[in-house]
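Please find the structures below.
Here come two complexes built around subunit A, the first alongside subunit B, the second alongside subunit C.
Here is the complex of A and B:
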């Protein structure tokens, strides 16, 4: 059933994506990610010496600082920081640089729905720009459940408020490997079928949630292709042969 | 301890650098060793004093957990670099190639909504946001609105900026900008009064420092001014019995009003070095670490001095101060012109956006009727068609949330956006040569395309031809289930001059049309 979206997209259509990296000069890595009107800027500093007080000194520590557009930092921002920290911790190789801190600073430039997935995508691109060792990339998407039970991808802020419930899902990116097909499967399934993070708001049934996961996974396959391409592109204007295959 | 270590550093540096004469000050090469040591003692003490004088720019040394790790993580200028900067200044050269009295390139961009500005001054990057809300006024000023400035030295800008309470330099920056705006009465406070004594508008300016490339005060000041000039506050009227109730009108009901800004106070910062009264305008980050004192002068274009801030540092003779004031008024004129031009461009774009919205609102109704009368599958094809069309529409023409309700059928909007996308694709490479500094690519390529777009909105005959051929493509796309999705190489080719990448992958097989407008389709996935 076609849900009539206000800006004319089909339920499976994402908003236009834009990703640029190395935009700040002092930060070790920086990236900006925008999905439609939602835009987030992420910067990475690290690794710096020493870990925070309660962190394990045998591993690298990730610190996330979330800066809202206006206003004080409150509980919602702290929650976003915590979710992002746990997500990034699962994709980083923490044992390579023990007793160090890597800071990820996220600045919200504009919020028009799907803010947390946008921020996770931006942070991932910034980590790559900084050269932090990662196991794989993370791609995030927001899926919401409409009143009649259909799943809609990448809502705007209005749609988020009107829908019955929505879920932020983060998947690993699809692997492009030189190794033979079966060697990087986890329990017989490809790596990108796993869910790194899932945060839901509102009410949805189990079937609806599983539908969200399926749709989200398909969308993330496309998103990870986009991310890979944009990260491979050279940042120097003189280099016209920009990307690899 | 620090004293002796810098002495040692000086000695080793000179010995190592004796081969290359560029780093040495010209007179020291021919002196015998004894007087060289004396020279070093003098120069090392000045190095230390400059270091101490610049401590305020690194706020967080005293507070916090482990001093050692923080010291290890802070950035320090090496002695070689310090000497180099000072020596180069002696021959009127700055390390980034500017003359001592030259200002860096100022770029002002605006975001989608009113009251958000992004300023880049060389490597320094500052964003300003203005918001408003109704509050009770101060008791002693019941007729005036309030204005408050919040400066955030984001840890993103500099590894030494810490989260938490703002340090000295953050507070100083906020106070300088505040004084320039408030005490010079640049913004009219009395027009912000709604109900005397009960309700007034409170303007809140948030300044986010994103990248510290030196001279944060000037850049933040420009960001605040640009954001204030483009901010629109909601219109409100008095109603109810006694006229005591205030009704705030949403933006779609009544146009929001701009703030009344009488003049633009521009801050110009000078850096003084301890050697021979050298002075530079608009110091960079490395120059700030070397300089002995700074002075910020806030003037407006008519030559009125709004504020002067010189907090300690190297003593400067009176004639130099007068010279600085004169220089500042000159710079203020050119910067004011810069800001006004940028704001004009933004306002024009905003006007065009509004006009476009109204014209398509009329046209959209027509197209909806047509669709309803048409057949079902044509309807589906058309809708897919419209939705698969140019994303330029979303990017540039996206109406405010309020007007989304007005435009249910975006038929003509998307068709006209076809034009924009084709024009944009051709003009894409030159427009985006701003490099990594183009914060909001929307506003770069907007003006010429917008004019064309508004003209295109009038005539729908042209796009219809394209639309019919697209129809067939998308019908095919609807049926096939494409597992092996791939990104479009042509889209990357046109964008290769830029780090900003715009990608909309689609299932449609590549035709010549795709080469013309490569980036105008959203990614579509078939329903699973």
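Here is the complex of A and C:
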């Protein structure tokens, strides 16, 4: 069941990815990530002294500020902030700098579908640029379920609205480029198979959701490769931008 | 390690409450190793749930839902409004979730709690995308008038699993909500028109939507039948109370994940210790409405996903029975 997509992509094909680091000079770390037309800019300031109220002083605190492209900050933005905060908390080593706050500011430059995954990817690249200690990285992807049940990756905004349902999935980035035999397994599945975050919209059957998770995992393996390549490039702004199709 | 041994020795001497406060994770892990929780529940069991319909008599539909100590009060008020130009045949539902300071010591007046905003957004997404309410049913006159349902949910006691209790109370309030079929009457005299405009519209039974009519100018006005003893020149004879027909109803279960354990329906203490929460919403036709896992240190592997879904299915059957019992107890007509 092949779905014809408006921009001519196959259901498993991602949009062109672009990642640039160190674009803002005042921020301790910054990155911009674009998937097709969706572009997000992330900046990291930290660690700063002191934690916010009601936060555990024995751990580092992460604060996320989400700025939409237009309009006032409403419930949707607060929800995105909460999801990103919990996702980033699960990848950071929080006990290294206790009683500090790290702020991640996300600015939406253009929204053309798969906005939250793009923002998470940008935030991870910015955290690496700032040198915040992390356990592993996170890669995020959006999978849609079409009317007849097939799974389509990385939709545009129009496709998101037309499809029956979509899921934003975040997986841990594989720590090694090649997994040796007998690598670290949990319940018979390697670490990369665990879902860090999952947000779904629309109704789908349980099997369709599990299919989304499988496809998402495979695509995230490719995204991990791209992320690794782009982060390994040099620090200077002139040659930090890397592209992949 | 020294610390581990010392706490192990201390635990024999320390009181249980002190150990629970000082080493909460260890306290819970001791229980989880025996597949039980401090309140005596097995890992997969939810707390006792009750639903009471019609708690707010002035609202068009209301319900009070309790899951353990978590208490949610939901009330629906219906109002007539003009539908938007893009969907002239559809009504509208506005969902608000409030956490007043009464519910929890961490909520203070003024700034809304972070949890309130997130649960509010999650609730509106779930209710609107599950297709429980067909918005076309709320239409009155195409392009001119449609019902707007304001659903307000107040948290009276926050003890974990807020989303579950809120969704249950919302579903119960919608299934309790009834409205009269609207009908058109055309007043033949100007004084009658004035009397129509100035009369308020709530029946004393107070579970219905007000009766409305359209006057010559095309404005929707409300009136009562026998409230003021005024007789109207034209009246419809049949006025049946119509319940909002609900499509497939969504039910949810929140689980806390910790290492390889899944704890169904966590209390607020469990939620704060085990930071990873998963909310699974399924509807009565066995479709997945939402699988919500907003980050957290524990990762969800495929086996965990299927286990959570199985627990939710089981919980769905319990909740359907509870709703049916509450409803049959309330049948007034």
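Details
As a working rule, the second predicted complex is superposed on the first by the 227 of 245 C-alpha atoms of A that agree within 3 Å, B and C clash if a C-alpha of one lies under 4 Å from a C-alpha of the other, contacts with A are read in each partner's own complex, and residues count from 1 in each chain.
Following the convention adopted for this analysis, a contact is a pair of C-beta atoms (placed from the backbone, for glycine too) under 8 Å apart; a residue touches a chain by one contact, two chains touch by 3 or more.
Since we're looking at a predicted model, the values are computed, not measured.
Following the overlay on subunit A, a side-by-side fit with no clash is recorded for the pair subunit B and subunit C.
In the superposition on chain A, A:14 makes contact with subunit B only, while subunit C stays out of contact range.
In the superposition on chain A, A:229 contacts subunit B only, with no contact to subunit C. Of the two partner chains placed by the overlay, neither subunit B nor subunit C lies in contact with A:95.
Contact with subunit C, but none with subunit B, is seen for A:210 once the two complexes are overlaid on the shared chain.
In the overlay built on the shared chain, the residue A:54 is in contact with subunit C alone; subunit B does not reach it.
Residue contacts after overlaying the shared chain place A:196 against subunit C, while subunit B stays out of touching range.
Taking subunit A as the reference, the larger set of touched residues comes from B, when subunit B and subunit C are compared.
Judged by the touch definition given at the top, the superposed model places A:162 against neither subunit B nor subunit C.
Seen from the Cα centre of subunit A, subunit B and subunit C lie 110° apart once the structures are superposed, a value rounded to the nearest 10. Think of it this way: put the two complexes on top of each other by chain A, and the tightest Cα contact between subunit B and subunit C is 12 Å.
Considering their complex, residues 65-66, 68-69, 72-73, 111-113, 116, 123, 125, 127, 129, 131, 152, 154-159, 163, 204, 206, 208, 210-213, 285, 380, 383-384, 386-387, 391, 394-395, 398, 401, 404-405, 408, 410, 414, 433, 435-437, 439, 441, 485-487, 492-493, 495-505, 522-528 of subunit B touch subunit A. Within the complex formed with subunit A, the subunit C residues making contact are 106, 114, 117-118, 120-122, 125, 129-131, 260, 275-276, 283, 286-297, 299-303, 305-306, 309. Only residues 2, 4, 6-27, 30, 32, 36-37, 41, 43, 45, 48-50, 53, 65, 67, 69-70, 103, 105, 107, 109-110, 157-158, 214-215, 218-219, 221-222, 225-226, 229-230, 233-235, 237, 239-243 of subunit A touch subunit B when the two sit together in their complex. Subunit A makes touch with subunit C in their complex at residues 54, 75-76, 78-79, 82-90, 165, 167, 170, 172, 186-187, 189, 191, 193-206, 208-210, 213.
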